[in-house]
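Input: a single structure, listed below in C-alpha cells.
Letters A, B, C and D mark the chains in the order given here, with residues in each chain numbered from 1 onward.
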Amino acid sequence: MTVRFGLLGAGRIGKVHAKAVSGDANAKLVAVADAFPQAAEAIASAYGCDVRSIEAIEAAKDIDAVVICTPTDTHADLIERFARAGKAIFCEKPIDLDVARVKACIKVVEETGAKLMVGFNRRFDPHFMAVRKVIDDGKIGDVEMVTITSRDPGAPPVDYIKRSGGIFRDMTIHDFDMARFLLGEEPVSVVATAAVLVDKAIGEAGDYDSVSVILQTASGKQAIISNSRRATYGYDQRIEAHGSKGVVSAENQRPVSIEVANAEGYTRPPLHDFFMTRYTEAYANEIASFISAIEKGSKISPSGADGLAALVLADAAVQSVKEGKLIRIG
Amino acid sequence: MTVRFGLLGAGRIGKVHAKAVSGDANAKLVAVADAFPQAAEAIASAYGCDVRSIEAIEAAKDIDAVVICTPTDTHADLIERFARAGKAIFCEKPIDLDVARVKACIKVVEETGAKLMVGFNRRFDPHFMAVRKVIDDGKIGDVEMVTITSRDPGAPPVDYIKRSGGIFRDMTIHDFDMARFLLGEEPVSVVATAAVLVDKAIGEAGDYDSVSVILQTASGKQAIISNSRRATYGYDQRIEAHGSKGVVSAENQRPVSIEVANAEGYTRPPLHDFFMTRYTEAYANEIASFISAIEKGSKISPSGADGLAALVLADAAVQSVKEGKLIRIG
Amino acid sequence: MTVRFGLLGAGRIGKVHAKAVSGDANAKLVAVADAFPQAAEAIASAYGCDVRSIEAIEAAKDIDAVVICTPTDTHADLIERFARAGKAIFCEKPIDLDVARVKACIKVVEETGAKLMVGFNRRFDPHFMAVRKVIDDGKIGDVEMVTITSRDPGAPPVDYIKRSGGIFRDMTIHDFDMARFLLGEEPVSVVATAAVLVDKAIGEAGDYDSVSVILQTASGKQAIISNSRRATYGYDQRIEAHGSKGVVSAENQRPVSIEVANAEGYTRPPLHDFFMTRYTEAYANEIASFISAIEKGSKISPSGADGLAALVLADAAVQSVKEGKLIRIG
Amino acid sequence: MTVRFGLLGAGRIGKVHAKAVSGDANAKLVAVADAFPQAAEAIASAYGCDVRSIEAIEAAKDIDAVVICTPTDTHADLIERFARAGKAIFCEKPIDLDVARVKACIKVVEETGAKLMVGFNRRFDPHFMAVRKVIDDGKIGDVEMVTITSRDPGAPPVDYIKRSGGIFRDMTIHDFDMARFLLGEEPVSVVATAAVLVDKAIGEAGDYDSVSVILQTASGKQAIISNSRRATYGYDQRIEAHGSKGVVSAENQRPVSIEVANAEGYTRPPLHDFFMTRYTEAYANEIASFISAIEKGSKISPSGADGLAALVLADAAVQSVKEGKLIRIG
C-alpha cells in the first residue's frame, strides 16, 4: 500500500516533511497547499506534486493523509476539518496553546475515529530511541531520576516569542514530552523557576529565557529539565535516565567528530547549530512511523493525548513560577 | 614557620587528615586525642606524635591549630573551646545540624577572633578548582545555569541516617556549598522534591534517598542539584556551569582509565566507589590551604559563614518538600 | 546543467551509486547495464531509468558520464572504451591489479582527454575531509607522522580473497591512498610485515590477514598503517596526523551514541559493522564531487594517477614482505 | 620486615625514589651518596637519612638494598659491586648502552645470586597494568597487533642526546619493553624508519627525532611503535592491544579533566607535560614492587634479562635504519 499525502504549509518544516514523504518507499506526496503560492510551487516543482487549495485536499479522493505544518493557531481547526474528511493526520506540535481548545479538538478526533499523530520528533531520534530501548530492556532497572538538558543556540526573534505561548509551551514542551517518554509514569507535580538572563527584550515581551523544572510522579520518580535560549557551542540536547541498576545517557551530536590538540589543549568542533540538522534522522523516522502505522492500522504515537499531556505540564510550569509553589496535576 | 597540630578524633576521616598534616612540609602533627585510646595510639604510632587528652591539647603551648574530626554533635562545643584557647580550627562539616547553634558558635569565633575553616573538601578538588578558575577568568561569561549531579555508590546504614540530620543536611549540603561556589551569588530561593526510591528503611527513618533541588539567585541564576543514595556505577560527582559565553564541566573521575571493546561494545571501568579515594587530592589540598592561610595570616575559606549558609539552604529544602512551595532565603 | 548518467554494474556498490546519482539535483540516472538482467531491472524500477546494454550506453547521445561498478578485471577495458566514447568516467577502485595494465589504461585516458575519477571514497568522508582541512589551514604545522588504523569487522570469503590481489592491493590500498592524502608528499619507501592470525584458509590462499606498513617520504615524514581482517567491535577506521604544531585525529563512528553504566562499567555500543553504513555520506559526497567537477570543468580528484600511485605502494609492500627489506619507490 | 635502603645518586630521579622509599611502610631510607655533597645533603635533610660514600654503603651492615640513579655509564660497574656486596639492586634503565657490557654485568649478577630489578617504570603505571590484566584475563583473546604511541613534549638538550646512545636506546627502549610486556611473546624481527623532523641539531649529533618501528614475533604478532621528540599538547603515551576477541587501550592522562565549550568548540586541557608527573604512581608502584619482592623472596621483574632484551631490540632498530632492511633477532 502507498499512503498518498497532502501537505498543508510549505514553510521550513513543511519542506522537511515533503522530503521525508517523497523519500519513503511507502508514501507519495500528491499535493501541497500554502497561503503563499510561490512556497507551494517550490515544493511542487522539487517533488513533482500538485499545488491545490486546502479545500481541494480536504475533498480529494486521491489523498489518504495530511501533514499539517501551518501556523500554530490554525492547527486545531485543520485537525478537526481533516478528521471529519476521513484523512489520517500528522500535525506539528502544538495542537493549540490553549488546553480547552486542545481537549475540544481531541474530542472531535475521537468522535470521528481519525488517526492523529503529534510531531514530537525527538522521540524518533535514533540515540534517544536507543535510550528508551535500554530502559525497556530492563538494563537500568526502575527509572528513578531523569535529567534533560536542552539549550537553543540562540533566542528566536521577539516577534516569534510573542506568538509562541512562552518558553514553557514553545520550547520546554519538547522536554516535557521527553520526560514522559523516559519516566514511563505520569508526572503528578510540577515546580519551576524562570528568569530573563539572555535578552531583556524577551522579558519585556512577558516571557523568560532560562528556566528549570522538576517533575515528580506518584511513585516519587523525578525529572529535571534545564532550558536556555542560549548556547554558544551549539544546539545542546542531552538526556540521562538514572535507575536502580544503572544509568543511560545520550550525549550531544556534532556534525564533524574530529579532535585537534596543541599547546592550548584538545579541541573538538561545536555541536550542530540548528534543530533541523540535529534532528534530520528523527524527522525522517517520525514520518516513516506515521506511514507505517497507517499501513498496518496500528496505534499511533505520540497521540493527541500526548500533545495534551505536555501542554498541561507547560501550563502548570507557568503557574508554578507565578505562584512560587508546586502545582499538582490532575 | 611550621604549624603544629592537634588532631581531635582518630576515625576514618581523622586518619586522612593525619596523613595530610604529616605529609605537609609546613606542618607537624604533635598530638592526637580520641575517646578510643586504640584509635589514637594507631595514629600516634604511624606518624610519631603524642596521644593526649582534649584538655591537654587545649592547654598545650606547643600546638597552634586543631583538626576536629569528632562526631557532629561535639563540633560546635569544641570549636568554641578551641577558639577560646586561641587555636586555629579546621572543623569537618557540619558545625552543627541546628542553625541557631551554628550562629551562636560563629559568634564565639568572631568574638575570640579565632581562625575557623569548615571542611567542604570538594572546593579543593583540582578539577572543580579548575572549573572555578575558568569562571574567574571570564571564559564562560556570566554564570547562568549550574547543574550538579551527586550520587553515592550506596546508602549508609539506617543508624547513620537517623543521626545525619537527613539527606539535605548530610549529603546535599556539599552540593549547596558547591552551588554557592560556582554561582558566585547567593541563592535567594530554594525549591525541592524528595522521595524514597532506594531503601524503604530510609523512609521509615523519616528521611529521603532521592532528591532534586533548584536554587535561584536575585539576578535569576539557577542551580539544579540531583542526588541519589544509589549509583551502581560508582561515586557520581559531576558539575557544570553554563554561562553567557560558554559552558564548563568537570566529568567523573575513575581510578583506571582504560577501554575494552568487543562485540558487546566499548567498556570503561566504573568510577571510584568511595569518597575518600575520589577526593584524595581534595583532602590534601584542603589542609594545605588551611596551613597556608595560618602561615600567611590570610583569609580562611570556606569559613563558618559558608558552613552556615549551606545549612540554611538545607533547612529551606526540607521546608520546601514539606510545604510544597518555594522558600525564600534571608 | 544536468549530468546524465549510465551505470555499469548493478551489484551492491552499484546500488549505492544509483541512489547517490538519483538523489543529486544536478544529475540524472538515464540507464543501467548488468550481466544479470534482474539486477539491472531492480535499479531501473527503483529509480525510473532504462535498462540498456553496455554497447548501447557507449553509443548513447543522452549519456554524459558512466559509473563503473563491474568486476575488477573489466575496469581497465571499460575505462578505455568509455574514454574513447567521450564519456566522463567514475570507476570503482582499482583500475586493475597489474601496474602495467593501469599505466596503459591511463595512457588511453590521457590521449582521449577523458575525465577519470577513481573511487577512493574515504577522501570524501566528512570527518576525514575535516582532518585534511585542519592540515590545510596550518593548524598542526608541518605533518610529520601519520597513523592509520583500519580493521574490517570480519574476513571476506576465501573465494573473494583469491580474486582480490591480496590484502595490500585490496584493503591496504585505501590506507595507502589515505596516507598520500594526509602526508601531502609522496612516499619514497615502503616497508611491511604480514602474518596470518585470523584465518588459516587465508594463508592457504597465499594471502595475509594482519599487516603493518611504514611509508616514508623524501623529507622523512612517516605514515604507519595497521590492518586486520578482524575487529570484533565493528569497522575500525581511525586516522591521526601529528605535526610540528599539534595533532589532529578522526575517531571511529558508531551508529548510536549512547552510554550505559552499571557495576560492570560504562559501555557504548559497537561501531558500524559494514563499510556501506560507515561511509554512507562519503559515497554521496564522492559522486557529488564527480558531478560538480564535470559541470564546472574543474580538475578531478582522485585521478587515475592516484589510483596508480596507491597500487605501486601495494606492490612494494608485497615485495617488502617477501624480501624482508625496505623497498624504494620510483 | 623493613627493607633498609641506600640511594646512589641524588639527582632528579633520585629524589623521586627517595620519596617513594621513605613513604613505603615496609622500607627505610638509611643513606644517600652523591658526587655533589649538596644534592645528597638535601635528600638527607628532607628524609632524615645519612650522607655516606658509595664505599660506605657498599660495606654497610644496616643496608639491604640500593637504588642506582647515577649516570648511565656507572650503572654496570655499580651493579657488579653491589651484587658482590650482597645487596638487592634496583637500577634505573639502561644497565649499559653496550650489549656485551650488559651481558657481562648480568653474568656477575647471576653468579652472585643477587636480586636485580631494572627501572622500566611504565610497567607499573596503573592504567597499563590494567591493560595487561585485561589481556591476562583473556578478555581480548590472543594478542595480535600492538600499537604504542610515545611522544615527548620536547626534545632534550643536544648534549644529552650525544650521551644518550640515540633515540632507539634512550627513548624507544621504553616502548620496546612495553611491546614485550604486551605481546607476551618475544619479537624475532625488527624494522625501523627514522628521520630528523624536529631539530636539525639532533641530526648533526648523529641521532634522529622521529622514528617508526615494527616488531614481529615468531607466530606473526606485530607491534608498531611511533616516537617523536615533539608533542605540543603534552606527554603523549598511549597503548593499544588488539586481539582475536577484542581490543584494549589506555588513553592519555591529563592533570585536570575539565572541558570548556564555546563557539570555537569543546576544549580539554593539554596532557601532563613531564614524565615525572605523568608516571608519579608508576614510580611509587615500581619501588613498592621491588620492596615486596625482597620481602617475600619472590621473582623480580623486570629483570636484567628484560633490560638486555630491550637493548637488543634497540640495536636492531639502529641497524635496520642503517641497512634499510628487516633485522632478525637471536
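As a convention for this text, contacts are C-beta pairs under 8 Å (C-beta built on N, C-alpha and C of every residue); 3 or more make two chains touch, one makes a residue touch a chain.
Since the structure is predicted, the reported quantities are computational estimates derived from the model, not experimental observations.
Q: Higher C-beta contact count, C-D or B-C?
A: C-D
Q: State the chain with the largest centre-to-centre distance from subunit C, centres being mean CA positions.
A: Checked the centroid distances; the maximum from subunit C is B.
Q: So what's the Cα centroid distance for subunit C and subunit D, whole Å?
A: So the centroids are 41 Å from each other.
Q: Any idea how many Å lie between the Cα centroids of subunit B and subunit C?
A: 57
Q: Residues of subunit A touching 2+ other chains?
A: Those would be 232-233, 245-247, 261-263, 269.
Q: Quick one: in the complex, what on subunit D touches subunit B?
A: Against subunit B, the touching part of subunit D is residues 126-127, 130-131, 134, 139-140, 245-251, 253, 255-263, 269.
Q: Quick check: in the complex, which residue numbers of subunit D touch subunit A?
A: Answer in residue numbers: 232-233, 261-270.
Q: In the complex, go through subunit A and note every residue touching subunit B.
A: Residues in contact with subunit B: 142, 144-145, 147, 149, 151, 189, 191, 193-198, 210-212, 214, 216, 219-222, 224, 226, 228, 230-233, 236, 242, 244-247, 324-326.
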